[in-house]
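We just call them A, B and C in the order they show up, numbering each chain from 1.
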Amino acid sequence: MNIVVSGAYQTNFGELWNYSLEDLIFESINGALKDASRGKKEIDVVFFGNMLSSSLSSQNHISALINQFLKSNVPVIRVESACASGGVAIAQACTALESGQYEKALVIGAEKMTDFPVEQISYALMNAASEQERDAGLSFVGLYALMANQYIETFGATEQDLALPAIKNHKHAATNKKAQFPFEISLQQVMESPLVADPLRLLHCSPISDGAAAVVLEKNNKKKNNTTKIVASAQAGETLALSERDNFFTLQATEKAAKKAYTQAGLGPKDVSLLEVHDCFTIAELLAIEDLGLYKKGEGFVAMRNGDLQMGGKYPVNSSGGLKACGHPVGATGVKQMVEVVHQLRTKKPLVGLTHNIGGTGGTAVIHILQR
Amino acid sequence: MINLKQFTSVGIVGFGGYVPFWRLGMEEVGSHWGADVNRVKKSLGIEHKAVASHDEDALTMAVEASTIALQRSGISPKKIGAIFIGSESHPYAVKPTGTILGDILGIGNNYFCADLQFACKAGTAGIQIVAGMIEAGMIDYGLVVGVDKAQAKPADALEYTASAGAAAFILGNKKERWGAQLMHTFSHASDTPDFWRRSGEAFPSHGGRFTGTPGYFGHIEHCLETFLEQTNKTPADFDYVIFHMPNTKFPLKVAKKYGFTKEQLQPGFLVPHIGNPYAASSPLGLISVLEQATRDQNILVVSYGSGAGSDAFWFKTEKPLKTITNNGKKIADYINSFEKINYLDYLTKQETI
Amino acid sequence: MASPAVYWRKKKTTFLFLNKKGTLLSFTKINNPPKGFGKQAYWVGIVEFPEGTNQIGQLILEGKEPKIGQAVIGVIRKTRQPNNEEVITYGVKFKLL
């Protein structure tokens, strides 16, 4: 696979009272096209990742709105895969380009969440869970708390270990102008934040955010100055219900997608120099670095304690601040991860980047590998 | 007019009770409303009352009690041909609790059913209905439940005593399965508005002292006297007596008047530990007695329901009783296993706030 | 409004684990209930049953402390907070033994 990312842009992430969903979409489109030095009419196909616009805003036909904005008749396909909507939209675009039917694809991920009360959002997010999980009154943080408790019990990790990814990601976000929380936090602050679903506290959880991100993908881009390319795109799924799995601390979808991606790229975990990983809750980051093959199952938290995952460490994870500190407008995250990796690769320091985007409790996992 | 009939085909083949886990002390209610807590406790004679959780209701408690009754009976639920649940707190004003229970217990789809209401004697009225059906040969087995998650208006005197619980009985016509045989039953009723709850109202109202003589005593005493006369029995002929227990004073007063002893009354006298679970009150007293009784003993039950009426029953215990009792969780286990809550927690569990 | 047809159809499986004993695999306490589940915190757990299936549901503590590996039994309770018009949803919660 050899798809150039010619343009990459994300809006600010945060509580953006002055921006509607449309505003966010249009800003990200303009930003990505400008970055790619492409005009609206040059795009052949658009993929749009979004989870909640139908349940929260009663808007099911954003696609046509995008046609309106681009003033074109190209196909616009809405992709929904819970929190993996953005990543899956990119994967779909890659498939479309590989098919030879299209040359230039625009992928947008966007979400507007802050217009609604927390209870309602929590309820809408549960659409990514199974019926039994919903009937039990579980919230998303509750599901990840169930995973965290089993991980702690099985491998001897502590509640403090759960705080480490949040502290690290906030440190990274402190220098990210687009981040929702561009400031550091301390262990004490995390441990003193209120319990949401034991053992997960408020500061272990990614926030509710607004934001959008977009990338322009090209099959045959001859421009010399912009060579960042996607060399692998892999998606895998597994059981919707957490309780159906053999254990709750292994996301098989991540494992399978990762293996496929490494094979496609002809690389292994050791070759990856930078990652954007799906830390919807800090436990998810610990599980991800294990499921991606960077560490053995149950050893991720030790690596986190050793500082391996910081910028400048063995495997820098979430330079953007991750979902925790950069923000998590659900449908936008998967695309924003790619935007971040592209910008990092352009600095000429890291060579290989990996994005890891999850839907629900791991029902969907989509991984992309990029090379400078 | 009632023809006193000696039943030939009706006995209790299974029975089970349920009392929820939480208790509200009299001192909690009293101190909240600024009452003289010690005086209140002494006058009521009640330690604490049983309180159901916010996610429990008459149906969920009926399932708990019926499950034990079914287990003890040893029969397949499909053999049950009638379900009558008596309560003042049916979950729906329109939609029978009986069918929800029937489906959950797996009794099939061919059974007689209707929900009953007659204040605190709704459950015992159910026993009479099912007994009649069995005696008439319409069914072999029937399930009766008396259950309530009682409501009481905050600051009202009833708040001290209105509690929650369920008692279930499976009656049947197979002699070899009887833990106790039903010998006779009788009822006395009149239009006496001592305690009532209008449709749509959350809490009942009552006539204060009017609930005593014209209400409780008027009906229980008349029913008891006529029953003893018709069956040609005296109080001393019974090993156990159970009266409806709205508090400790009323049943003790009746017992004293007719010469029933403490030994006869004590085994079924649950009110000091659980308060008054309305339609489950005398039924739970009967469960407690059955669990302690041995064969060939005589049990007298006289219930009371406001509005008003009283049902009397004479049961004779049989040989299988002990075996049946040992096949299910005892009501004493529920009564002795509890945790105390405070007044605010009580209001939350009652869904008042 | 919750659909009575959905509740009725689900009844085929809702009460399968009533009175059945299982083991607690993991649990958590939900402090911020989603819409329709009231305001009070409650516990949720994943329970393993000898039949080999796992079930997820609310826990009933009644004075006990949940621990991974704890025995539980299915009991019937109201599972949602219906409004004044809706059908009452009953289901199975798991009581610590």
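Miscellaneous remarks
Going forward, a contact is a pair of C-beta atoms (placed from the backbone, for glycine too) under 8 Å apart; a residue touches a chain by one contact, two chains touch by 3 or more.
Just so it is clear, the model here is predicted, and its values are computed rather than measured.
Closest chain to the protein centre (all Cα atoms averaged), using per-chain Cα means: C. When chain pairs are compared by their number of contacting C-beta pairs, A-C comes first.
Centre-to-centre spacing of chain B and chain C amounts to 29 Å, using the average Cα coordinate of each chain.
In this assembly, the C-alpha centroid of chain A lies 60 Å from the C-alpha centroid of chain B.
Averaged C-alpha coordinates put the centre of chain A at 32 Å from the centre of chain C. For chain C, the set of residues touching two or more other chains reads 79. Considering their complex, residues 118-120, 122-123, 126, 130, 132-133, 135-139, 141-142, 145-150, 153, 194-200, 241-244, 248 of chain A touch chain C. Within the complex, the chain C residues that touch chain B are 11, 15, 18-19, 38, 40, 60, 62-63, 75-79, 88, 90, 93. The residues of chain B lying in touch with chain C in their complex are 21, 53-57, 59-60, 63-64, 67, 91-92, 100, 103-104, 339, 348.
Residues of chain C touching chain A in their complex: 25-37, 42, 44-46, 54-58, 68, 79-80, 89, 91.
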